[in-house]
Structures are given as C-alpha cells and as structure tokens.
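Once you scroll down, you'll see the structures, which are given as structure tokens.
The two complexes that follow have chain A in common; it is paired with chain B in the first and with chain C in the second.
So, the complex of A and B:
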C-alpha cells in the first residue's frame, strides 16, 4: 500500500491509545491490571484529542482510508483493531558517566555563547578562548602529572603521546598523532569526534569562530609549565565541514629557568 | 573521575572572565554567570531526565535536584533539604565543591558569592525545564558550607 511505511509507525503509536481512551469503565474494571499502562494510554489519548493534534490524527486516518481505497476498491467503514501493548515507558537511568561529560560540553557551550554576546568580533572571542585555555592548561598539567604519573619526556614524540593520553583522560576520546614534519618538531593531533562540539552547529555569522580554541590554549599552557614553548592552532574543524578536527602543534624552544632580575 | 577537574577549571575561568573588566558592576557580572548556569542547567536536565520516570510532585523534583543532579554535577548529595511546604526550599551543602578549594575563614568570604552564581542559575535552569518557575539565591556564612534558597513563583 502506498503509505504503509508511515502508517505503520503512526499506527503503532496511535493504537496504544485509541481504544482504551473512551471507556472509563474498562479502566475501572480488570482488563488492565497495571495502573501504569492505563495511565500511559490515557495520556496518549489526551494528546491525540488536543486541538492542535487532532488534525495530525485525522490525517493519519485519511491516509489509511486512502490506502484501502486504492487496494480494496473502496470501503465505507474503517475499523481499527485495538492492541493492548503496554504504554511506552523507560526507567533505565541515563549513564551518569556519559552525562557528566556532557555537563562540561554544555557549560563550555554557554561560556562561548556568553563570549559571543560580549564581543562584537569573533577574532576577539577566539583570542579570549585561547587565553582561558592557557590559564586552564597551566593548572591542568599539575592534575595530569599527579593523576597519570606520566614520567619524563625524552623527545617530542614522547610529549605527543602524553598529549594523546591527556585527551583520553579528560575528554574520553583517543586522538591520533601524525603528520610529522621532516624536522620532527611539528605534528598534528587528529580528533575523529570532538566532544566539545557534540551539540554545536555554527550559524553563518560565526564562521570565523574557532569554537574549540580553548583546546589549543590548554596545550600551550600545559606545555609551558613543563618548560616547553609550543604553538598550537586549529587547521581543520568538523564544525566547518572538514572530515576531522585537527590541531597542529609546533615546538618553539625549551624554556630555561630564569632567575628574576635583581636576585642572585 | 578526571573530567570534573576540567569542569572546575572552566568554571573558574568563567568566574574570572566575567569579573576581569573594571567597567562592569558586580551585579552585572553575577547576572552573566547566572545566565550561563541557567543555559547549562536547562539543557543538562533535559539530557539527565530523558529516560527517568515521571515526577510525582514538586517535592519529588526537589529531591531529584538534591540527589541525582547534585551527584552528577558536584559528586555528592545535598546534605539537608528543608521546606515550609509553601514553595520555599532550602538546600544545605556542608562542603560545596566550588568553595572547597578556598581558604576557610573570613578573609575571602566576600568573594564566595561569585562562585555560587553559576550554580544558582544551574538550579533555576533545571527547574525551569521541569516546569517550575522560581528564584534561586545563595548564602554563605561559613566556608565551605553554603545554602541555596529556592522560592517557587506561583500563578
């Protein structure tokens, strides 16, 4: 039948609420022993009776009727059977670990939204995000060293591995490391999925925004606290239509402990 | 759980960001934080309650805030919930996470409200999405304990 695909879905929803809605007597009796089932039916029935939903319900009926017109050469009465499915209900609790990751994603989202409201220029927002990331990185490295006990890095490849490890620890994603330049002082961190941008779509007037710029700042800040000056910047972003999110990291120099001027 | 460290740090940055300019007033900065919290809470609770059962009544929702929400966000439950049964709820947290890193004592007490504004918004946002319009205020008398007062707006 022409509309069978949509009518099955709609009917599966409607059938749970059509028949039982009318008769309170049935509810009072022993047909439905489970009060939750009854409650679900009544609720769905009320939904279909709402003025604005009535049109949709009628439309489904019309489609069913049209289908029968086509394949049974007409009919005068449509009887829809009642099914006594239990009403849809789910009591599985959401995975708390997943949700607490979302807490960070959502908090970050509202922070970026606030920055966009405060600054007129998206470049200023990018800069501010990088600066915040830098401040976070300076403190986060301490937590990372304490928590992961990563040991000493002997070359930049070691450092790249530690950055990979940190992404796993704090964001729950495993980026790949690659695209080393011949000199071995520049590499890419490639994220297949970016948890920060999970619920994000960039509107047209924000195309210059580097939404996840805080990550670049965090890497710069964290490396600086372990005596490495690096540059970090985004070269690809899924929010802008790229296949992956890619952060480029370039080693600049080793920082030496310097005694403040005027002190020996 | 490592991601809570990141959440703490982002919150700290948000607080220091809104207070960095000399031009804006304390009230304005607090309002910004509150708004960020509201936006976060409004969306978060939708994700959290996606598969949970229906709430019985207002008190049931408040219990949900004190237990599930607080555990998700602050890794502990609210220590004490009181109500006058007329729309006022007071939530006591004896060791509020955003305050637990601050030195206890009187010295920094004046700065404590800055670290509560986001949470006030968060709670208000959650309740708004669950159908309760309210005003949330916070109070600190002795670090790191604090209490949040929820005043439900009726009618």
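So, the complex of A and C:
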C-alpha cells in the first residue's frame, strides 16, 4: 500500500483517540488505569480535535481509505485487529454498538466523495443520496417506534415533535421547529450544527451539491411508513455559507391502508 | 398457559412469517389461504372496533377471546406491521411479549438486516431462532397445554 509508513504511525495514534471519548468516565469508573496511558490518549485526542489539525487528520484518514480502496477492491473480506494495542480496561465504552461520532461523520464524507466520483453530476448525486435516505428511513422508523414508543400522531405538530425527538436520539442534536406556514402543513427543522458535515468544505465545482440530502430522504421514507406522504428538502445549508442548516417539510397527503382483496 | 402460533403480516396484508409452537388441529387448507383468512378477520375486527369504540385504538393492541376458544392477540405498530399471537385463554402478559417480539426480534433481525427485503416473507434463520428463544422464555409459555 503506497502510504503505509505514514498510515501505520498515524493510525496507531488516531485509533487510540477513538476509545476514551469522555475522560470524565475514566475518573468516574472504579478501575483506575495507568495514568500515563490515559494522559497519552487525552493528549492525542486533543491534538486531533484542534481546528488546525483537523485537516491533517482528515487527510490521513482519506489516504488510509484510498489505500484500502486500491488494494482491497477485489476482496470480499478483510480481517483486521481494531487497534494496535489492547485498550486499557475501563476506557472502552460498554456498548459495542456505539461508534464514535467522528467515525460516522468521516464515513459519510467518504460515501459522498465516492458518489461524486461515480456519478460526476451533482444532481444525480443529490438524487441518489435522497433515495438512499428513503431506504434507510423505511427501516429506521421501526427502530424509532420500538425505542421511543411514541404513539400515534394526531396532527402535523405531533409529527414535528417526533422528528425532533428522532434527531436527538440518532444524531445527538436538538433542532428547533419553526416557520409554520399559515395552512399549518409546512414547517422547518432548523439545525444549529450539522453532525454530518462537521469537517467538510465544499469545493467550488460542487456548489449545487446538497451534502446532507440523505436526511431529507430519511424523513420522507420514515413518514411514508407511517401513512404520511411528505416532501422534504433543504432550504439553507451551513456548508454554503448560511447561518443554519434548515430542512423544509411539507405534508402532502395521508396514505390510506390497502384494503385486502374481496373485503370491499 | 400456552402459546399456539404467531403470524406476522406486513402493511399490505401479506404474511411475512408464521411460527408454531403447539398446534393440535390443522385447518385443512394451505398456509397462504389460512393467512388470508386470518388477515381478513383481523381487518374486519379492527374496522368494526374503530367504528364502534368510544376511545381510539391508541395502543395498537387488541385481544379477541371467548371462554372456550383460544385467545387471539393482535399488536399493530404505527407502521402497520401486525403481530397476531394465538394463545390459550389463561395467558397473561401477552402485550409485553408482543412488544418484546417487535423490539428485540423484528427490529433487530429484520429491519436492520440489509439482506431482508421489507415486503417479502422473512427467511432469516437467525430471526426464527431468536423468535423461538424469546417466546419460550416468556412466562406465558409452558410446555404442556393448560
């Protein structure tokens, strides 16, 4: 792999940053790991989080990812250890299903980058992201119903509240709901920070790209599974210089249950 | 207290899964026809209840039983997936069991499984195994009929 010397050293440093996301948990836990190891982790993590170093971190991730793309394109399975050193006890989060938020952001970034390379046309990428979001939304709604147990929505305001709850549950952000139109069938979800676009800058030839369009698709897919047809689109995006990221949602119609053949 | 069988229907009335634990008498018709009959009955009961009932069907849960026949428990999610569980008359805690089946088995092994298309019958063995485990561990299940 072309960048292997850089990547091994940097990956060794970066991977240890993934584990202690919250140093408060270390002090609160009953196991006190080796303090030097902890200090090393915290320093490495702080280094990578400093704004001026974020670009370097991102570049290294991209180089590593490109290496994998090149050498692993023919393979269907790759076995790797997750970190080079075993993580000290008490530092790994207990829930194996949780991944670092940054990993998620960077993975989404590489997904969009790959789509741009495949399609080369910004509108196709937007459409594809929305379609992927639609498929995700259709399945994600089941998990949301199972976890949050929200109960039925009697009007669009209930739906708006549930969408707000879902953003909190899945992305960890609290959007605000506003800009209702006079008819009460359109509203906006306003995000102060967009976790998907944390380290992103849009290059000049991609200004038509709706980077987080997957979110619009997710909202549309999820609502359709609960009998509501909605349209969702971005009207403001922090990546394009606006103050906030804003998604507009419009209620189109209620979908009726399919009546079984022979019933009516 | 026993659990007889379980049907899972999707939003269009197609049967996604049939599981059986104790079944004393076969109905003499194919599984598909039986499923259609079952779905038709549930749909009729539900529309009847919605029209007649003074309160809304909020929880999505319905029980239909007589003193002799086994009881039919229906749990419907807001996304219109229906879980129908037939048990004997004395079964308790079925609402929790159905909810548990939904959250721990259906969502985990079907919704999150990219190989499982949403509107086709569920063929995943992992789903079947986990469902079996959850049902057998529930307090409503006993190996001999009451």
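Simple rule for what comes next: the second predicted complex is superposed on the first by the 159 of 264 C-alpha atoms of A that agree within 3 Å, B and C clash if a C-alpha of one lies under 4 Å from a C-alpha of the other, contacts with A are read in each partner's own complex, and residues count from 1 in each chain.
Heads up, the rule we're going with is that contacts are C-beta pairs under 8 Å (C-beta built on N, C-alpha and C of every residue); 3 or more make two chains touch, one makes a residue touch a chain.
Remember, it's a predicted structure, so these values are computed and weren't measured experimentally.
K.L.:
So, A:139: does it touch chain B (first), chain C (second), both, or neither?
P.N.:
So A:139 meets both chain B and chain C here.
K.L.:
I'd like to know which partner A:114 touches here: chain B for first, chain C for second, both or neither.
P.N.:
So A:114 only meets chain B here.
K.L.:
For A:171, decide between first (touching chain B), second (touching chain C), both and neither.
P.N.:
first
K.L.:
Quick one: is A:106 in contact with chain B, with chain C, with both, or with neither? Answer first, second, both or neither.
P.N.:
The first partner, chain B, only.
K.L.:
Counting touched residues of chain A, say whether chain B or chain C comes out ahead.
P.N.:
B
K.L.:
I'd like to know which partner A:147 touches here: chain B for first, chain C for second, both or neither.
P.N.:
In the superposition, A:147 contacts both chain B and chain C.
K.L.:
Please work out whether A:226 is in contact with chain B alone, chain C alone, both, or neither, and reply first, second, both or neither.
P.N.:
second
K.L.:
Does any part of chain A touch chain B in one structure and chain C in the other, and if so which residues?
P.N.:
The answer is residues 139-140, 143, 147 of chain A.
K.L.:
For a test of understanding, state which residues of chain C touch chain A in their complex under the given definition.
P.N.:
11-13, 36, 39-40, 43-44, 56, 58, 77-81, 102-103, 106-107, 110-112, 118
K.L.:
Which stretch or stretches of chain A touch chain C in the complex?
P.N.:
Against chain C, chain A makes touches at 138-143, 145-147, 150-152, 225-227, 257-260, 262-263.
K.L.:
Contact residues on chain B for chain A in the complex?
P.N.:
Interface residues on chain B, with respect to chain A: 1-7, 9-11, 13-14, 16-18, 32, 35-37, 39-40, 43-44, 47-53, 71-73.
K.L.:
Give the list of chain A residues in touch with chain B in this complex.
P.N.:
For chain A paired with chain B, touching residues are 89-94, 96-97, 99-104, 106-111, 113-115, 118, 128, 132, 135-136, 139-140, 143, 147, 169-172, 199, 214.
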